[in-house]
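For clarity, chains are labelled A, B, C, D, E and F in written order, and residue numbers in each chain start from 1.
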Amino acid sequence: MRQVEVLTEALPYIRQFRGTVMVIKLGGHAMVDPAVLEAAIRDVVLLHYIGIRVVLVHGGGPEITEKMKALGKEPKFVAGLRVTDEDTLEVAQMVLVGKISSNIVSLLEKSGAHGVGLSGNDGGLLVARRMGPQLVRVGDHDEQVDLGHVGEVQVVEPALLSTLLEAGYIPVVAPIAIDRDGNSLNINADTAAAMIAVALKAYKLINMTDVDGVMDRDRTKVYRRLSMDEALAMIGSGAVAGGMIPKVEGMCRALEAGVRFAHIINGNTERNLLLELFTRDGVGTMIFA
Amino acid sequence: MRQVEVLTEALPYIRQFRGTVMVIKLGGHAMVDPAVLEAAIRDVVLLHYIGIRVVLVHGGGPEITEKMKALGKEPKFVAGLRVTDEDTLEVAQMVLVGKISSNIVSLLEKSGAHGVGLSGNDGGLLVARRMGPQLVRVGDHDEQVDLGHVGEVQVVEPALLSTLLEAGYIPVVAPIAIDRDGNSLNINADTAAAMIAVALKAYKLINMTDVDGVMDRDRTKVYRRLSMDEALAMIGSGAVAGGMIPKVEGMCRALEAGVRFAHIINGNTERNLLLELFTRDGVGTMIFA
Amino acid sequence: MRQVEVLTEALPYIRQFRGTVMVIKLGGHAMVDPAVLEAAIRDVVLLHYIGIRVVLVHGGGPEITEKMKALGKEPKFVAGLRVTDEDTLEVAQMVLVGKISSNIVSLLEKSGAHGVGLSGNDGGLLVARRMGPQLVRVGDHDEQVDLGHVGEVQVVEPALLSTLLEAGYIPVVAPIAIDRDGNSLNINADTAAAMIAVALKAYKLINMTDVDGVMDRDRTKVYRRLSMDEALAMIGSGAVAGGMIPKVEGMCRALEAGVRFAHIINGNTERNLLLELFTRDGVGTMIFA
Amino acid sequence: MRQVEVLTEALPYIRQFRGTVMVIKLGGHAMVDPAVLEAAIRDVVLLHYIGIRVVLVHGGGPEITEKMKALGKEPKFVAGLRVTDEDTLEVAQMVLVGKISSNIVSLLEKSGAHGVGLSGNDGGLLVARRMGPQLVRVGDHDEQVDLGHVGEVQVVEPALLSTLLEAGYIPVVAPIAIDRDGNSLNINADTAAAMIAVALKAYKLINMTDVDGVMDRDRTKVYRRLSMDEALAMIGSGAVAGGMIPKVEGMCRALEAGVRFAHIINGNTERNLLLELFTRDGVGTMIFA
Amino acid sequence: MRQVEVLTEALPYIRQFRGTVMVIKLGGHAMVDPAVLEAAIRDVVLLHYIGIRVVLVHGGGPEITEKMKALGKEPKFVAGLRVTDEDTLEVAQMVLVGKISSNIVSLLEKSGAHGVGLSGNDGGLLVARRMGPQLVRVGDHDEQVDLGHVGEVQVVEPALLSTLLEAGYIPVVAPIAIDRDGNSLNINADTAAAMIAVALKAYKLINMTDVDGVMDRDRTKVYRRLSMDEALAMIGSGAVAGGMIPKVEGMCRALEAGVRFAHIINGNTERNLLLELFTRDGVGTMIFA
Amino acid sequence: MRQVEVLTEALPYIRQFRGTVMVIKLGGHAMVDPAVLEAAIRDVVLLHYIGIRVVLVHGGGPEITEKMKALGKEPKFVAGLRVTDEDTLEVAQMVLVGKISSNIVSLLEKSGAHGVGLSGNDGGLLVARRMGPQLVRVGDHDEQVDLGHVGEVQVVEPALLSTLLEAGYIPVVAPIAIDRDGNSLNINADTAAAMIAVALKAYKLINMTDVDGVMDRDRTKVYRRLSMDEALAMIGSGAVAGGMIPKVEGMCRALEAGVRFAHIINGNTERNLLLELFTRDGVGTMIFA
């Protein structure tokens, strides 16, 4: 009878999700194990099968660093932030578009769905502005640092994504944008995913990362459901900290702009995506507007 | 992890079933318990939610008999077959259309779906010919018996069903047909369901009855999957016998005419419908072409 | 040349009516003669042929009473109003849906059109609220009387009717509604017809009853055309009285809500429907907004 | 009750005719009385109102002759056939297109329908070939006579007519065609009407002329219905003679090519068009395939 | 390389013009030379080929005058304005519709496009009101003059034009309108073209006349581009004078009502239409809103 | 007047090309000068503007070689054919997809059109089979050589291209395919372009390379127009030789399979694309079926 309960629990979600858009961010640090990535892609294809319109956005920091070294170039970081000089940008673009997107598309194909690898200049998808020097905390003081060819997304033109979703494809977006003059810029994948979710009026924005969700201060429990206000309050109180802050902030901005639900789940645990979406309790953190 | 397995097993079926037509016969002897009927209808609505186009066909022998008695009329049977005189026909029509269909439509409404009760004259759906006298085994000899206003379906005009399915309704069909002169005739609900399935090019024909499926001669095990040839062979060998013979024969005729799968499941066991459809092994018997 | 005059008079009406919705109430007391009913249905099919979208609503008081007696149950009336207990409701539903609607659908079929018998729970068509005790004039005083399972229509959901009209069917509606909990309720057929006409933005609401129309106080002449204000004034002045009051009031409410014309004609005189619709003078009473 | 009979007789025709194409030839010798023409146009508009797609084709011999004389030019005839020299062609074109078509369009407008005057070069409607010299019986011998700018229609391109009918206009066609080099040619209006009827797969081709129909040899009675074979036999036997021969032959060719019914009626008797179409017996001659 | 420059200049215009409506007035005094007219029509067909929706409006003063004389009637003018008596109107209609329109349609056909000749009563296109007596400068004083059957356009019903353009035809409009009673009226072709342009929300209104454009006072140079305000100011200052005043005023009214560009070009110089439309500088005067 | 001639010559081509598909191969050795590439892309955008549906396919040999060297890897060739080992494939994919396609998309964006970079696994576009060892002429003998991860295209699935063209995008295809197991393979860009042209039923296949077209044996003149048979005969006779053989053979196969015209033009001469397409004589070689 357990089976019937699972089905009875899942079927109404299936109805509810059908035809909706979900933007799924595949974290660069999650799914470094190819088997885990392949399993995640299989689950994405299941979502696609039951009529969810999935957009994938991926990062790729570790692989860029690795390829830089193979080319004999030393990746440069300031306070943990990558400095993207001309060479780095070229490598990033080649790795993100020509290698990682391509690999994900091949995995989708293998699981029975057609993907399309995109970067921000395809169809004028992501238009950004170069960030310029920024105040960064270096050691014990703040410094003006120019991170190089790094952009802040200004406009998302979702027409190409809509065309592809409508025609039954799964777009796979690499975090590269163009500026008004046609130059490429490296952008933050979390932010890109959030802005794409807003532009597509997505139902859900799902961040598959390498932690289990938003946790309490002692890292003993994961919050299953948080209102946007609760989530923001936890940043204020310090409960949410470090790299989780920009993720949660970005998600809350997306919720404010119309996305219905945002999820953080651990992409390194196989099959979490299905459990989060089709069970009442889920496995990660769901933030709602 | 059990949940993930159930989901991973179920989701591909959901994709496969979406948009297909399933004709479900609700047996008169199954689901005499109102709670069981209500649970079955809830499951039907779940199927409807995930995009399956369900047509319900129901019987109603026991209730007709009961109402006859309440009217002070003695139901007449010859060798277990009901003799349908003028009065019986009127009662049958009133009970099947005005009571049972109506009750099922109300239960669908309660579970969140819109049903539409139909009998064979609605939209010219079921045109039959009066059967006339038939050779029936009475005791130890055969006798010519006129079963009265009983018909054999000749034409199924599925346009009304298609219109209603297209518009999102669940048709609920009572086993009453009309002849070419506009007279009503009592018809066999199993046969009607099978012919409707053929006319609608249904994907599945599901018979919810009061046995667990096609069983071996010793009634110790239920066959999970049978090819049409195997099923027909079991009739020949006597393994399938009694009231199950016409059911299996009707299903095989439907399979020959293009229906993809036929199922016999026990409607008295709650939630069998979901298990049969969304698990690899199922719980009843599936016959395939 | 008489023929040409009739045609020249009729053709512009045919143009004007094409594609419009007309809701025709077939009175329970009119057309008790099967030949008259059959002739009326033939005329309805002529309307259907020339592109009018007809919805039929019927009553059935006399037949319910008759069937009650056959079942050995005494119909109960208070001050002329039927008291609908549990048993009465069951009989009413069976007679109205399983017998009268079915008969009308068969007659339509015979005349070459497809009908579909509906009651208020089909497609969530008519949602009502149980009336509860009402002040009724009994003899020389008022009394609180609970008329039982009798409802007041609150919502008409016309989508099913529109779907069927669009697909070329003639819906035949029995005056049974459901409440929010899915229980059946007996409702007034005149009111149901009027509310359906409003919900469908009908062009005409036609009441085929057993009188010739709205008459003057001496019953010597029938008013051919009345404005809504004139009709209401005649109720005030007592010229319209008795059972005609609720009919006229209901029609005026329908006119106020957008129906363009309401007609009262004598259904017992054959072919009145055609004369009322296609001649300048008509034969009954037309009330206009 | 006479009215009801007329209506009951007419309504099924109305259904049958709805959406069909009827090509009506208005004879130049019929309807010289403006009041008769105006009445005929009013009836055409009634047909249009009830959904018949009417194409009008007109002649205009008398008016061309009259205008020629006003211009001081002597119309030339050989054995009753007009010789169309350069001047005559110019006058014919101006009279047929600029005067008669225009007048009919204005009458249609007045009766509430939009007409569009066309000649054969509009939309490449009628492409003809100049006839060249022909053997003509002059007095007691045959002579080679060149009738001048007179054409034989070779191609009817009905797209423009279909476009206009679809959009609700009544095309009014003058009997002028163009040859492959763009030169205008005078053509026979009866033939043009018949060929247009074929190209449009018309349901009826109606010739409104100045006789009552096909008559017997003694001119005592009009045949109401003739099969195509009967009609052709009557030409063979001499019963059909003179100017009626080419009309009947043209109609029979149209019937052979798919037109369903051809009618000859007297356009000088008011309202004949309605009587012919909406009564069982009609008033002229109907020829069927 | 000159070719490439022309193409590079022209192609963006082609994109910009595709699908837009252009109303082109062919002046009666321009293109009296048949070869020039034929060349202009060839260019119109090129515009049609590349997806511009062209409506032609033509005048025809000189030909009317000529035909009047051939009929032995003396054309009457007061202060240069034609007085249109009954006879003149008939001749004008026959010449404009039956001769000039017809000729243009034949030329279009010859160049590979389908035209449709129309006058104002076709499809109720142009409804006008008879002007009545007007104050006209005769010699050195003003006089009340009744110009006869001359109308002022009140309503343009563009549905027929849209239908024809949509279906790929080139409408050719003669300057004849009808009044509310169905009488024909002579109208000004410049005004008709401007009002049709407004009714069709045309992109351009192009007047092909017999001057090179709007010129300065000394007739030494043609203004290539004028804003509407500049053009009106030039009327005020007397730089624009004579017959050019009503043309420029009409164009400015059209621009005010939504037409985007108005052009005056010399129709007597071959191929000016292409140069004006597909080169940056053009050859005539373009007025913009 | 030169301008008018160019326009009159070009406009009919514009009509003829509108809505057709043209597949343009941008050769890796042509357009190594960024300015030349940018000019070519501007012309492509002009084609796009006037309604031609352009698909770009590019090569990239020189850049792959260059990037290999930057990575410290020695590109390996056998008899002029690249040997694609694992590393080479990764570099090729990154350069072709992540760099060259991306650059072309940015140039399209700059000229006002939206491009979309694709490789063969996107949308299952190009499915290939690994070639395996091949007989290659090495010096004076033939040798079995395994060229590594090099594929032969077996299936072109054009749905994604059609979707993108329909939605107004310019697809930019890199010559990378996948095999049935999802592995990437290097493919020949000329062949890919030809097969894509066939799959899309392209009107033209245009090869922009570094020679002026098919030349005679003495390299003194370029053939402007060749029939497919003439072109093949020139291979037989040795007039067409070397690297031009596979190009011409591929084009002829495409012509046989339904492509209407194939062109070879010199991509290094600016604006050749426009001259070839919009002038009667063109500048390269056109081969027709």
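Operating definition for what follows: a contact is a pair of C-beta atoms (placed from the backbone, for glycine too) under 8 Å apart; a residue touches a chain by one contact, two chains touch by 3 or more.
Note that the structure is predicted; figures quoted are calculated from it, not measured.
Asker: On the document's contact criterion, could you list the chains that touch chain C and likewise touch chain E?
Answerer: D
Asker: Return the chain pair with more inter-chain C-beta contacts, choosing between D-E and A-B.
Answerer: D-E
Asker: Farthest chain from chain F, comparing Cα centres?
Answerer: Farthest by centroid: C.
Asker: So what's the Cα centroid distance for chain A and chain C, whole Å?
Answerer: Distance between chain centres, rounded to whole Å: 61 Å.
Asker: Using CA atom averages as chain centres, what separation in Å is found between chain B and chain E?
Answerer: 74
Asker: Find the geometric centre of each of chain A and chain B from their Cα atoms only, then give the gap between the two centres in Å, rounded to an integer.
Answerer: Chain centroid spacing, chain A to chain B, equals 49 Å.
Asker: At which residue positions does chain A touch at least two other chains?
Answerer: none
Asker: Just say which it is for the chain contacts: an open line, a closed ring, a star, complete, or other.
Answerer: Topology of touching chains reads as a ring, each chain with two neighbours.
Asker: Please output the residues of chain C touching chain B within their complex, sorted ascending.
Answerer: 70-72, 90, 93-99, 102, 105-107, 109-110, 114-119, 121-124, 159-160, 163-164, 167, 169, 176, 178, 181-184
Asker: For chain B, which residues count as touching chain A in their complex?
Answerer: That would be residues 1-4, 6-8, 10-12, 14-15, 18, 46, 49-51, 271, 274-275, 278-279 of chain B.
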